[in-house]
Amino acid sequence: MHIRGLFTKIWAYTGIIVVSVVIVFLFAFVFWKGGSTITWEFLSTPPAGLVLGSEGGILPAITGSLAFTLTAIVIGAVPAISTALYLVFFCKSRRMESMIHLVIQCIAGIPSIVLGLFSYSLFVRDLNFGRCILSSGIALGIMVLPFIEVRAEKTFRELNPAMIQSAYALGCNKTHTILTVVLPACRGELFSGIILGGCYAMGATAPMIFTGAVAFASNPTSLFEPAMALPLHLYLLVAQGHTSLDMAYGTAFVMMAVILISNVLVTMYARRRQREWKQ
Amino acid sequence: MRRITNIIFKIILCILTGVTLAALAFVIIFIVKEALPTFNDVSVHEFLFTNEWMPVEGIGSGARFGIFNFIAATVYVSFLAMLIAIVIGIGAALYLSCVATDRIRGIMYPFVDLLAGIPSVVYGFIGLTVIVRLFLKVGVHTGVCVLAAAILLAIMLLPYLISSCSETLLKNKEAYLRAGNALGVDAWYTISTVILPASWKNILTAMILAIGRAMGETMAVMMVIGNANLFPTLLGKSESIAAVIALEMGTAVNGSTHFHALYAAGLVLIVLLFIINVGINMIRNKLL
Amino acid sequence: METIMNTESIGTEEYVARSAGTEAAMRVRELSVSYDNKETLHKITTEFPKHCITSIIGPSGCGKTTMLLSLNDLIREIQGVKVEGEILLGDKRTDAIPQEELRRRVGLVFQTPMPFPFSVYKNLTYAPRYYGNHNKKDLDRIVKEKLALVGLYDEIKTDLNKSALKFSGGQQQRICIARALTVEPDILLLDEPCSALDVRSISVIEETLLRLKSQYTIIIVTHNIAQARRLSDKVIFLKDGRLIEEGDAAGLFREPKEAETREFLRGIYG
């Protein structure tokens, strides 16, 4: 075998082995270290202890994260999918298209901490929302918007144009075609884009540090109050040092489990749709 | 009736797109507006190219705002991470595109995507408990350092690099591998001499996207880089722009130069990203 | 609109003489199409006789598909396209007909079979439902009738609720033809409908088309000269966006008038 070929072959195998080991290690490490902390009590009680979080559980952080994530998805997904639909099916001008793309790319390039900064100044300070779920949700929503838009647009463009034109050729207007052919055909991908976007929002700490996530709060009841969040809770536990390390592993366990489960569900759902409806 | 629903739908879509566009444009303008007052007190040159950062006036000395070290750290750690990630990532992508069967690919893609889902705080946490401890054992003072941050960041970049690289490689493999086989050339030789070179252009694009993620990453880097205003060295502490913002925002007095300077630092981060984007694009168009 | 009611004779003299008496279902006059200022069709003037199969042939890139897409206005979905000239359906300009109606009356089947990702039944009732037909009995009848028309009903009548994408390529293509027929078009456009299919499916589809001829006007783009010969009543030869020659199939294939046509036909036959 030629030396260059051999080198490439070794490169390929080394690469995939390193990646696999890293992934397995990350999950195994957290699950192994955090497994013993996970009890029903841990999941169902608020944090307690002299140094907050060194005892008790993480229930308000779980419900808080859920609230942040849902707000972000609602704020991010609807405009993202509308923009993608507009770009693919309605936008006739190339200049308009590239302008929208430019703005989306700019936003995708803004570091999440700067989005947090933005939301803090505008919503918390200028508009007097105070630190609350909504302020964070908007920052997170802006953060996931490009993420979902890019995926949705890609899905729409990859749809066989003949399928869409077949509907046009039958005389159906765009709205009908989109609602009855495009969206159902892309349901799996859109769903996975939204769920993965949700995971992304759930795990992001930077945008919510100043805007709505706090060290301690009870379960959220309205969009206009601050709440706890899993990633910030983890960060604070780590910052406290060794006293809360077990709790930190437990919190990481919960987040990793959520990521793992959502990914598996999304993949399985997409597979099933693929099997049932595609060639 | 159908026509009316069509028109209504189209109008709703246009309004939503317009609002999205306006809101996103507003974010950008807002950041610029908040950043500009900094330069009433500090010259652009001083801000960018000096390295003293003393946001609060001390006794006998005025406040200083120089972010050169932070810029250097951000660029340093991002490119280092990129280098590590690209070496491993292209290897893995080569395997996925040229060795793996469809079945294995179907399992491995979602598996690799898991990495993208892990929250950055968890990365930072694992970085602290594993990588930093490892460095400590090897003898690095306190364990936190630029290299630790780069390794962590490299892992975070992997899923983005792997998915886009293997997509390109797969396309090129389908186009060229059979022609290579038909000439009786070893498959790996074709892969290394035809398929990989043909993919460089798109691999560079993937690198642009990844570098964006790397430079904006806050929490994971902040937790392991040490956060000291020093010029970055491989095993020394340093502090990235994003980390400065995250650490000091809570204490910055609203409306003070410090406050605006943090915005300006954010703006510098965005501009830096933009420059790197354009730069890599130019290299790509020139070389390939 | 009114000015075009009087049809002038178009095309080569011989052709007009031969086809006299056959009414044209569709007419094209001075049709030019350009994408981003690059002209793909240049001043095409021709007509498509009723209840006949007209083939459009020519080397790839000659504008065959563009021509087809112009006929039911799908061309306008493409960015940067400019269309000049006029197209008449019956005696009405197509741009005076509401787009929806035009597309209903001029059906189109694509190169690759492209059923919607639903069941066969839903595919076939998709358009009738859109036009407001929700009568279950009526829909059942349409499904049965149209599938029978493409010779598919007996083959798949037990599988009507299976995903249309689960069938073979040939069956999928016939499902698509049946779907195009569910809206009762006057004209059926087919864009290389057989190029993605195997020989057996091709002959089944060709039989289907010959059967459909009595009820519909068929216009087919094909790169397969033998197929054009087997199917067509009229042939149009395009090259580089220009109409080089047209005429009834037997005549054109036996003794092409233009040197370019001769060359093209000879090239294909080897």
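We just call them A, B and C in the order they show up, numbering each chain from 1.
Basically, contacts are C-beta pairs under 8 Å (C-beta built on N, C-alpha and C of every residue); 3 or more make two chains touch, one makes a residue touch a chain.
Note that the structure is predicted; figures quoted are calculated from it, not measured.
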| item | value |
| --- | --- |
| Closest chain to the centre of mass proxy, which here is the mean CA position | A |
| Chain whose average C-alpha position is farthest from chain A's own | C |
| Length of the line joining the C-alpha centres of chain A and chain B, rounded to whole Å | 17 |
| Inter-centroid spacing, chain C versus chain A (mean Cα positions, whole Å) | 47 |
| Chain B and chain C: spacing of chain centres that average the CA atoms, whole Å | 51 |
| Residue list for chain B, restricted to those that touch at least two other chains | 2-3 |
| Multi-partner residues of chain A (each touching 2 or more other chains) | 173, 176 |
| Contacts with 2+ other chains: residues of chain C | 100, 130 |
| List of chain B residues in touch with chain A within their complex | 2-3, 5-6, 9-10, 12-14, 16-17, 19-21, 23-25, 27-28, 30-31, 34, 87-96, 98-99, 106, 108, 110-122, 124-126, 128-130, 155, 158, 162, 186-189, 191-193, 196, 212, 215-219, 223, 242, 245-246, 249-250, 254, 262-263, 266, 269-270, 273-274, 277 |
| In the complex, chain C residues that touch chain A | 72, 74, 77, 79-80, 99-104, 106-108, 110-112, 114, 116-118, 126-127, 130-131, 163, 165-166, 176, 179-180, 182-183 |
| Chain C partner contacts - residues on chain A that touch it in the complex | 92, 94, 160, 162-163, 165-173, 176, 180-181, 184-185, 276-279 |
| Chain A residues touching chain B - in the complex, by the definition given at the top | 1-2, 4-9, 11-16, 18-20, 22-23, 26-27, 29-30, 78-80, 82-83, 85-87, 90, 99-100, 103-104, 106-118, 120-122, 125, 142, 145, 173-176, 178, 196, 199-200, 202-206, 209-210, 230-232, 234-235, 238, 245, 248, 252, 255-256, 259-260, 262-264, 267, 271 |
